[in-house]
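What follows is subunit A paired twice: with subunit B in the first complex and subunit C in the second.
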Partner chain A sequence: MHIPDGFIDLQTSAVFAGLAAAGIATALKGARTQLDEKIAPLAGLTAVFIFAVQMLNFPVVAGTSGHLLGGALAAVLVGPWAATLALTVVLLMQGLLFADGGLTAIGLNIFNMGVLGVWAGYGIFLLLRKLLPKNKSSISLAAALGGLLSVPAAAVGFTIQYAMGATATFSTSAVLSAMVGTHVLIGIGEALITGLTVSAVLASRSDLVYGWKNNNQKLELRSAD
Partner chain B sequence: MLTNRRFYIIGFVVSLFFAGVVSFYASSAPDGLEKVAQDIGFIDTARDHTNADKALADYGVKGIDNERASVGVAGIIGVIGTAVVAGISFKLIARKSKKDHN
Partner chain C sequence: MPELVSNSLLVNQKRITIKVEQENHHHGHDVGERLYLHRHSLVHALPSHLKIIAALAFILLVVSTPVTQWPAFVAYFIWLLTVVAITKIPFSLLFKRSLIEIPFIFFAILMPFFGSGEKIQVGPFDLYREGLIAGSGIVVKGTLGVMTAIILSTSTTAREILRGLERLKLPVLMVQIASFMLRYVNVVNDEMERMKVARESRGFEATGVKHWKVLATAAGALFIRSYERGERVHLSMLSRGYVGVLPHEEQPHVRFSVWITAVLYPLVALIIFVTQLIIGKM
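Right, the complex of A and B next:
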């Protein structure tokens, strides 16, 4: 999912660099209200874990692999604002040190994985958390399904960028169906890793999990009414 | 419930293990985007990465010929580097947020 230099023209890349910068600025503001010294280390560990697991490409169909994006996972663990920042750190490390993701494409990649993937995953998570029974298994399941859908959402992000500024001339609808089809399959791996990781953290330190704490607080408020 | 210290040590060691050891067994097939670009035909529009010749390009350490060691060391460097950059960034944000609240 890391876009190399050259796929998308410089004008479109610049537009998305601007959008990514706006997303990061908003996330910095939001994280300041949510991040305290107790949670900050978990945000750091989340970035580290996502970097590590992104190295583990798993096979999907013949000749294709995928890896964790981690947007939904990060959003459930540390909240959507810190999630965007964690993904930004990971993508910068990968682009600058490991030549993974083009330097002119850094805004495109941060937008797709660090903003779109985070918010699509977190949105689905919030919706399902509302619908499912209030327990830890529901949190893990909601996180997994958020993860599942965050991957095709990021793939749609690429397709939009392709439509706006591809250097090639193949039809956008062909790119859209191929991207979404492939990335729904990769999303299954994303769902498994996200669900397992969230349940492991819930089992060991549920007090640190943003998507669980935050839910309990809301329940307390309602019962006080 | 794990203690704070134990929780973070386990999380970090698991990350080191994934990036340093398991990464060698990762699939080397093209990823979703690369495969789509090949199938549809725009893979040729990709340019080489600006840092393609740098020491850690493509998750390998230049100069280490053993592939298992090369990807493993690159992964460990990445985990430690990410920990330093993310650790400092989030600590600064948390400190700033404390100041805002006071």
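Right, the complex of A and C next:
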């Protein structure tokens, strides 16, 4: 569910389209130094992964189910730059092909989910990785908490846009409490799925996890007794 | 009697020819192709970059029309549905795909009930005037936006949309990422489906949070498989001489008449917009 056309006025949409473009430009630059010519296939396949995994239903109780949003997960798995690019492409395709998210609102949606969600989640992840002991379970925990924060962060982004240029009549404080309240709940689900998924990848191919690769442990010598 | 028989034969023949024609027109199967509806229409024939510009310009005009100018919106809808008919999109399909905006419609419907300020009586309900206006504005503008996007994706293959974005100077890298996404989305979806079948054939049924670990493991496995596929594809591209850009073919020149046809979509909207502005002032 993304912001449709006509929900936020055009001035605000233009401002956030500019911010989103700046975010994408930074991500392109960062990805070039990190991945060189490898970006296109890897960010592309990450986009496919996010797109597919959003269709995987996680049952909650009696008939209701949720799904992953994937911003923080992608950031931990492939790095924040490739994650921003992958989510941008997913949102662009959802808007152009599935009419999910307005064409004039595309900057708003990319800013909230592709820039703010990814970087807020990754920021928390980096902070916790520094604080927690250097082992695999703290990477999963940090990723989970990154996931937890990334969802309400996107909701706060939406509320800022709403306050700046809403065409609706609900008061900003009501929208803020409703949006952040529900998105903290969604964030708890996101945290669980993100943490579990990262730990699953760490268990079999830890070398693929971008957030883990940077602090590889040295080989240790053990006696053969 | 013999005349009757030959008639029915003719009918049969006709039916057969129609069927064959439909089969001949069945093309591609990737994700964009599933949304794409193959028809021969004026809109289908337009170059995609012009269609994207036209759609965007139309929506920009719609969004900047004040909600209170309701006759303009009636005219927008009539024009949009005319274009839908020209594009040969069945109205049932248009309606079905428009359902994607339902969550925001709920939001808009709540607005007249929880608001402030002046109240008016509408049928059995006591509604807030401002909320009612704003709510209907969101529904109407959102619907026009969604339906315009549906015309675009129904009359243009995903590949063509990408080519259009490329002509509109979207960074090459973004276009490449998007084309990788479109190329592999079905492969990865099928992979996910196979994993689901594998889980279920072993008696697994997800009913609640206690099963999330299994599902997350599947998501992790899906990531590993996607990543490895990306690496494999990348290496095979390198071995075929890939240097970071895809080979380019010369873009065909767009004739002036084609330009005019594409511009017609927002142009009529602009005429409606200006007319309403003049009438509204009088």
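What we mean here is this: the second predicted complex is superposed on the first by the 192 of 225 C-alpha atoms of A that agree within 3 Å, B and C clash if a C-alpha of one lies under 4 Å from a C-alpha of the other, contacts with A are read in each partner's own complex, and residues count from 1 in each chain.
Quick note on the criterion: a contact is a pair of C-beta atoms (placed from the backbone, for glycine too) under 8 Å apart; a residue touches a chain by one contact, two chains touch by 3 or more.
Bear in mind the structure is a predicted one, so any value in this text is a computation, not a measurement.
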item	value
Which superposed partner A:158 touches (first subunit B, second subunit C, both, neither)	first
Subunit B versus subunit C as contact partner of A:167, first or second or both or neither	both
Touched partner set for A:179, first subunit B, second subunit C, both or neither	first
Partner chain in contact with A:44 - subunit B first, subunit C second, else both or neither	both
Contacts of A:33 with subunit B and subunit C, given as first, second, both or neither	first
Partner chain(s) touched by A:68 [first = subunit B, second = subunit C, both, neither]	second
First, second, both or neither for A:192, with subunit B first and subunit C second	second
Contacts of A:6 with subunit B and subunit C, given as first, second, both or neither	both
Intersection of the subunit A residues that touch subunit B with those that touch subunit C	1, 3-7, 28, 31, 36-37, 39-41, 43-45, 47-49, 51-53, 55-60, 85-86, 89-90, 92-93, 96-100, 102-103, 167-168, 170, 204-205, 208
Touching residues on subunit A, where the partner in the complex is subunit B	1-7, 28, 31-37, 39-41, 43-45, 47-49, 51-53, 55-60, 63-67, 82, 85-86, 89-90, 92-94, 96-100, 102-103, 155, 158, 166-168, 170, 174-175, 178-179, 182-183, 185-186, 204-205, 207-208
Subunit C-touching residues of subunit A, taken from the complex the two chains share	1, 3-7, 9-10, 24, 28, 31, 36-49, 51-53, 55-61, 68, 77-78, 85-86, 88-90, 92-93, 95-100, 102-104, 167-170, 192-193, 196-201, 203-205, 208
Residue ranges of subunit C touching subunit A (in the complex, touch as defined)	31-32, 35, 52, 55-56, 59-60, 62-64, 67, 97-98, 100-101, 103-104, 107-108, 111, 114-116, 128, 130-131, 134-135, 137-138, 140-142, 144-150, 152-153, 158, 161, 165, 171, 173-174, 176-185, 187-189, 191-192, 206-209, 211-213, 215-224, 226-227, 229-231, 233-234, 237-238, 242-244
Residues of subunit B defined as touching subunit A within the complex	1-2, 4, 7-8, 10-12, 14-16, 18-19, 22-23, 26-33, 35-37, 39-42, 45-52, 54, 56-59, 71, 74-75, 77-79, 81-83, 85-87, 89-91, 93-98, 100
